[in-house]
Each structure stands twice: as structure tokens, then as C-alpha cells.
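Shared between the two complexes below is subunit A, which pairs with subunit B and subunit C, respectively.
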Partner chain A sequence: MKKCDLAIVGGGPAGLAAAIKAHELGLKDIYLLERDNFLGGQLVKQTHQFFGSHKQFAGTRGIDIAEIFKEKLAKREEIKVLKGAVAQGYYEDDVLGYSYNNSFYKLKPKRTILATGASEKMLAFPNNDLPGIYGAGAVQTLMNQYGIIPGEDILMVGAGNIGLIVAYQLLQAGVKVKAVIEATGSIGGYAVHASKIRRAGIPILTNHTIREAKGKEEVEGAVIQELDDDWQLVAGTARELAVDTICLAVGLTPKVDLAIQAGCQMAYVAELGGDVPVRDDCLQTSNPRVYIAGDSAGIEEATAAILEGELAAINVAQDILSDRKELIAEDKTTREKLKALRKGPVGEHVRKGLNKVRRNEDAGKDRYSRSWKG
Partner chain B sequence: MDSDNTIICRCEDLTLAEVQEVIDEGYTTIEEIKRICRLGMGPCRGSTCLQLIDRILANQQNCGREEIKMPTNRPPLEGIKMMEIAGDADEK
Partner chain C sequence: MRIKNHPILDFARDREITFYYNGQEIAAYPGETIASALHAAGIRKLSTSSKHHRPRGFFCAIGNCSSCFMVVDGEPNVKTCVVEVEEGMVVEEQEGRGDLSEKM
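Take a look at the complex of A and B:
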């Protein structure tokens, strides 16, 4: 079994930012485990430009941000980057097990940053297993990574940012988007994305749900129907759209298996996508050896994930290298950047969620039973 | 809803009708349901079905999703060959 100062699980924006920052601050003995055979996580699918401040990559495409990180990482040869390494478990003695190259390894890190990202949510409707029904992430993988369009005529379910962005990318790829439907009464994504879709003549139908997929061997249509304010179906409004593809962009849920196994106190917080570890302002969970960052700490965007990765790394450096003055200053400025990112009406949802992840009486319910607590 | 053709757990190919049958027999926690019909025990380890079953149970029990207990989470997170664990690569 190897020992190390810091293990980072996940090579997406949060994990990459954490690894680079931790090394920059003087930690040498760092492992970065990435499940895929490439680094970048969801960034590699993001062909659109980022918003926000220039320092936080505004105007740069996600895929290019991944390249910038990879270049920075390559210069830091001391960081042990393991691609294709699957974290398999976090054990009671704070040992992290992972498989790599057909072998199983154990690692005992002084600190672990979990940056495992999220998984897509699914919907229950008749024939939801027909070929032609995809999660939005899968559609992005097909189109933006492999250059394959998923179909000719598509129904997008979900008008959050992912639904809107992927709908627009489908349009750019020459796919006909028949409609974007959204079960709630309002469009969740940014207005700038929504207006691009509308300008292309695609209806965004709020208060609409998918009733069923039609087809024998594959999707041949989708039945949609209106919902009233009490989420009840409005009689007589069902109609069928002729589509060969249905794309589900109905939200993400944090991947928190390792945090649960690490004995971290969890909290169910709908605003953040589901169950997330309770943590302090430094992103340290209730298991003092374990930090959380990025989408696995609550669904936000890549810019927040990057800042959270850095914040976790700064605090790990403080734990291991002692509280140097410059670390305290960096900690402060990073927190301020995160705060600025989450201000305003767009960040309201996240702010509301973050009020339920502190170790106090407002914390969301822990839905997991465990034999030990970290 | 045509519950015979609505898939809840893709890995174990469980429909809503099959899951509902288990619930109607009196198994009302995910831990129990999992033991009876293997919901959530396939290769994705419940990453899709757990997000559906907790909502179904919450609706039927008239409570919020936060009240629905989740099953125990154990290693390994993904499929792994016995020889990989038995091989103990880094102890050699």
C-alpha cells in the first residue's frame, strides 16, 4: 500500500484545478485518479463559450479550458496522473482502493479531495428503454466527442441550461429540434440560450411533460401533454410529435458514493441535485480527511467547480503544510470569487441549497445508514 | 400509465409494474425492495433507478423524498474481477 499527501478522485474541472493548485502551493506527493482514459471530464464536450469574468475563462470554450489545464498539469511531473483508474471504495481506515491496468491498488492519503462529478437523472415513462432515447450527456458525447448525430428529428425534454445548450448544438449539427419541453412553468436556463433557440423557430413549451415514447424497435414518436399548476395533466392536450430521438436533460445528481463510504454526514438538498456531503466553508466534510469539490458537492457549473477545486486544495495545503500567511490570503480571495459567482438571481437556487449543507440544524436529511462515521 | 413498459431499473430490466408488485406485497423500503427484486444491484449500482424509486415511494407514502432511506453503499463501485483483488498488486 502506498501513502501520499493528497489523492484527488476525478479529473474534471474541479479535480484538475485542485491538482494544479495543490502542487503550486508546495504539495508534491499527489495522486490524481481519473476513471476515463482522458482528462477534462465534461469540459471536453463543451463547445460553447463560458460566461463570467475573464480570469475565470469567460469567452473560452470548455474544450479549450480542458487543454489549458492539461498543459499546466503536464509541466508538473511530480503529480501522479492515473488515467483509466477507477476508484472502487473508501474504507474505514481511510484507505482508498482503486483498479488500474487490471490490478487493484490501495492508497492511504493524508487527505482526499472527491471531485467525482455527477450522473444524469432519468424519467419513468412508457417505452423509456427504446433505442433513440438518450441523456443529454450522451448526446454531447456522441456529437461533440465522436462527431455522430443521434438522429434526424429530436424532442428535447428539459429547458435548463444543458437542455438549451444541447438543443442549440443539435441545431448547429443539422438536426431538427421539434420542441423543447419543460415540466415547470418557467425556463430554468439563461435567457441568452433560450432566445437563441426561439430565434431558430423552435418552440419552448413550459408546463409540458412527456407521456410516452412511441415505436416498436426504436423511437418513432413522442407523446407530450400539458400540465397545470398542480402538476396534473390537462385533459385533451396530449399530442404526438414525429421524432426519432428523445433527449432527456432533466437534471444531474451528484456522485457521492465515496463520500458515503467515507462516513461523511450527508444531506438531501433538492436545490443541489440530491444527496451531498455536509461540509464547512473550506469544503471539508465531516470526515476531516475528506474534502468535496465540483458537481459532487452540488450541481453548479464548471467555473464554480474550478474554484471549489482550488479552495479545497488550498485548505488541504493548510492542513498538511501548516497555516502559512499566503495560504490564508488565497483561501480568502477564492471564497470571495465563489461568492461573487453565486450572487444575483442566477445564483439564488445554489445559495438556497448551500444553506442546507452546513453542520447545523438547517442541514438536509441524511438518508444513509452507516456502520461508521468518518 | 402503461407500467409494463416503463423501465425503472435498466441494469436489472425491472418495470414499474414489477416494482409496484413488490411494493404492494408490503416491501416499502429501498433496502427491502432491492433484496427482493435486485433493483439497483446491476453494474450502474443504482445511479438511475434510485433517483426514480425514491420519488415513487415518497409519492405513495405521502412524504418528501428526503424521508426515503437509501440502501447501504459499499465498495466496489464498479465491476472488478476476483483475480484483481486476490492479486493484491501493490503488496508484492
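Take a look at the complex of A and C:
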């Protein structure tokens, strides 16, 4: 069994940012485990330009952000980057087991940052298991990473940012989008994305749900129906769309298997996408050796994941190295950047969610005056 | 179907390779996953469910959901949405749960 200072699980935006920051701050013995044989996580399929208040990456496409991180990481050869390494379990004695090249290895890190991301949510309706029904992220992967279209005619379910962005990317790839439907009465995504869809002549139908998928071996159609303001079906409004593909953009849920195994106290927080570890403002969980960052800490977007990865790394450096002045300052500025990112109406549900999952007695305190002991 | 012209992305497809799906020869490009190469050939059904024998395709494409299991070179339960296709690979539709006993 090998020992190390820091193990990071997940090579997406949070994990990459954490690895680079931890090394920059002086940690040498770092493992980065990534189950895929490429780094970047879901950034590698995000062809849209980022916006938001994090100046560094606003206007840059996700695919390019992944490249920037990979270049930065490549310069730091000391970091042990294991691509194709799947974390298999976090054991009671704080040992992290992983498989790599058909062998099983054990690692005992002083600290672990879990940056395992999220999975796509499913929706319950008859025939929802037919081939031709995909998560929106899966459609992005197929199109933008492998250059293959999922079908000819598509129904998009969900008008949040992901639903709108992926609908637009389908158009860019030459696929017909029949409609974007949304169960609530309003479009959840940014107006800039919605107007792109509308300009292309695609209807965005609010107060509409999917009743069932049609087809035997694969999708041949979809029945949609109107909902009233009490979420009840409006009689006589059901109609069938001739589509061969149904794309579900109905949200994500954090991947927290390892956090549960690590004994982290969990809480169900709808605003953050499901069960998430309770943590303090420094992203330390109730297991003092385990930090959480990115979508596995609560569903946000990549800029928040990057900042959380950095914040976790700064605090791990403080745990392991010392309480150097510059670390304390960096902890403060990173937390302020996160706060700025989450302000305004767009960040409201995240703020609400974080208030439920954070140990309130520690709110706003620095690591030396909080009640959480690590 | 493969995207040929894309406003933002370029897909490198220099060298063609061949693999087998239920005995049928399929063309693919290095770097594609098994499931995506099958999709490009119009094959979306990858397996049947174990209890009700319903058709299954992939759902998540990133190795989370296990809906894409197929038998690859005799090994069942391969996540074809993340495993890259290789020259001469033998890929078969999987019936229900894969049988690992032969491998053990």
C-alpha cells in the first residue's frame, strides 16, 4: 500500500483545478485518479462559451478550458496522474482502493478530495427504457466528442440551460429538433439561449410534459400533453410527435458513493440535486480527511467547480503544510470569488441549498474558529 | 450517422478500422467508443434487459448507468459507451445479465 499527501478522485474541472492548486502551493505527493482515459471530465464536450462573473474563463468554450488545464497539469510532472484508474472504494481506515490496468491498488492519503461529478436524472414515463432515449449529456458526448448524431428528429425535454444549449448544438450538427418541452410555466435557462432556439423556429412549449414514448425496438414517437398550473394534465391536449430520439435534460444528481463510504454525514438538499455531504465553508466533510468539490458537492456549473477545487486544495495545503500567511489570504479570496459567482437571482437556489447543507454555526468563520474539528 | 461539417469542431478520421457486431463487419475510426461506432452504423439496441427482455440502448454515455453492457471479445458487461473500439474486436448483443463464470 502506498501513502500520499493528497488523492483527488476525478479529473474534471474541480479535480484538475485542485491538483494544480495543491501542487502550486507546495504539495508534492499528489495522486489524481480519473476513470476515463482522458482528462477534462464533461468539459470535453462543452462547445458553448462560458459566461458568468469568473473573469478568467468568461467567453471561453468548455473544450478550450479543458486544454488550458491539461497544459498546466502537464508542466507539473510530480503529480501522479492516473488515467483509466477507477476508484473502487473508500474504506473505514481511510484507505482508497482503485483499479488500474486490470490490477487493484490501495492508497492511504492524508487527505482526499472527492470531485466525482454527477449523473443525469431520469424521468418516469411508459417506455422510458427504449433505445433512443438519452440524457442530454449523453447526446453532447455522442455529438461533440465523437462526432455522431443520436438520430434524425428529436424531442428535447427540459428548458433549463442544458436543454437549451444541447438543443442548439443539435441544430449545429444538422439534427431536426421538433420541440423543447418544459413542465413548469417558465423557461429555466438564460434568455440568450432560448432566443437562439426560437430564432431557429423551434417551439419551446412550457406547461408541457411527456406522457410516453412510442416504439417497440427503439423510439418511434413521443406523446406530449399540456399541464395546467396545478400540474394536472389538460384533457384533450395529448398529441404525438414523430421523433426517433428523446433527449432528457431534467437535471443532475451528485455522485456521492465514495463520500457515503467515507462516512461523511449526508443531507438531502433538493436545490443541490440530491444527497450531498454536509461540509463547512472550506469544503471539509464530517470525515476530516475528506473534502468535496464540484458537482459531487452540489450541482452548479464548471466555474464554481474550478473555484471549489481550488478552495479544497488550499485547505488541504493548510492541513498538511502549515498555516502560512499566503494560504490564509488565498483561502479568503477564493471564498470571496465563490460568493461573487453565486450572487444575484441566478445563484439564488444554490445559496439556498448551501445554507441547508452547511454547518450554520461555522458560516463565515475561518478554519481556526469554526466548530468542525479537523 | 457521422457529422461531417461542424461549425466549431473538427473530427479527425484518417484511418478506418473494422470490427464485428453479431458477426457483421462494421467500419469505425480509432478513438470512437464501441457504442458510438455502432450508433454511426445505425445500431442503437445494445442488449436486452434480464427480466422482461426489453431492448436496451445507452443512456448516459459516460459510464454511469450500465445500460450499454455488451459482450466484447467474449467478456460480458463491458461498458461500451466508454470503451474504445479496436481493430478486429468482436462485439455481441448481451442477453440479460452477463455470465462471468466462464471467465473465472
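Everything that follows uses one rule, which is that the second predicted complex is superposed on the first by the 356 of 374 C-alpha atoms of A that agree within 3 Å, B and C clash if a C-alpha of one lies under 4 Å from a C-alpha of the other, contacts with A are read in each partner's own complex, and residues count from 1 in each chain.
Keep this in mind: a contact is a pair of C-beta atoms (placed from the backbone, for glycine too) under 8 Å apart; a residue touches a chain by one contact, two chains touch by 3 or more.
Keep in mind that this is a model prediction, so the values were computed, not measured.
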Which partner does A:137 reach: the first (subunit B), the second (subunit C), both, or neither? second
Once chain A of both complexes is superposed, is A:89 in touch with subunit B (first), subunit C (second), both, or neither? first
In the superposed arrangement, does A:274 touch subunit B (first), subunit C (second), both or neither? first
With the two structures laid over each other on chain A, which partner does A:129 touch: subunit B (first), subunit C (second), both, or neither? both
Which partner does A:255 reach: the first (subunit B), the second (subunit C), both, or neither? both
Pick one for A:149: touches subunit B only (first), subunit C only (second), both, or neither. second
One more residue to check, A:119. First (subunit B), second (subunit C), both or neither? both
Identify the partner contact of A:104: answer first if only subunit B is touched, second if only subunit C is, both if each is, neither if none is. first
Intersection of the subunit A residues that touch subunit B with those that touch subunit C: 119-120, 122, 129, 255
Provide the residue numbers of subunit A that touch subunit B in the complex, in ascending order. 1-2, 86-91, 97, 99, 102-106, 119-129, 212, 253, 255, 257-258, 260-261, 268, 270, 274-275, 364-365, 367-370
Tell me, which parts of subunit A touch subunit C in their complex? 35-37, 42, 47, 61, 63, 119-120, 122, 129-135, 137-139, 141-144, 146-150, 172-174, 216-218, 255
Contacting residues of subunit B [partner subunit A, same complex]: 1-3, 5-8, 10, 16, 45, 47-49, 51-52, 56, 65-70, 72-78, 80-81, 84-85, 87-91
Tell me, which parts of subunit C touch subunit A in their complex? 1-3, 6-9, 11, 13, 31-33, 36, 39-40, 44-46, 49, 54-65, 67, 81-82, 84
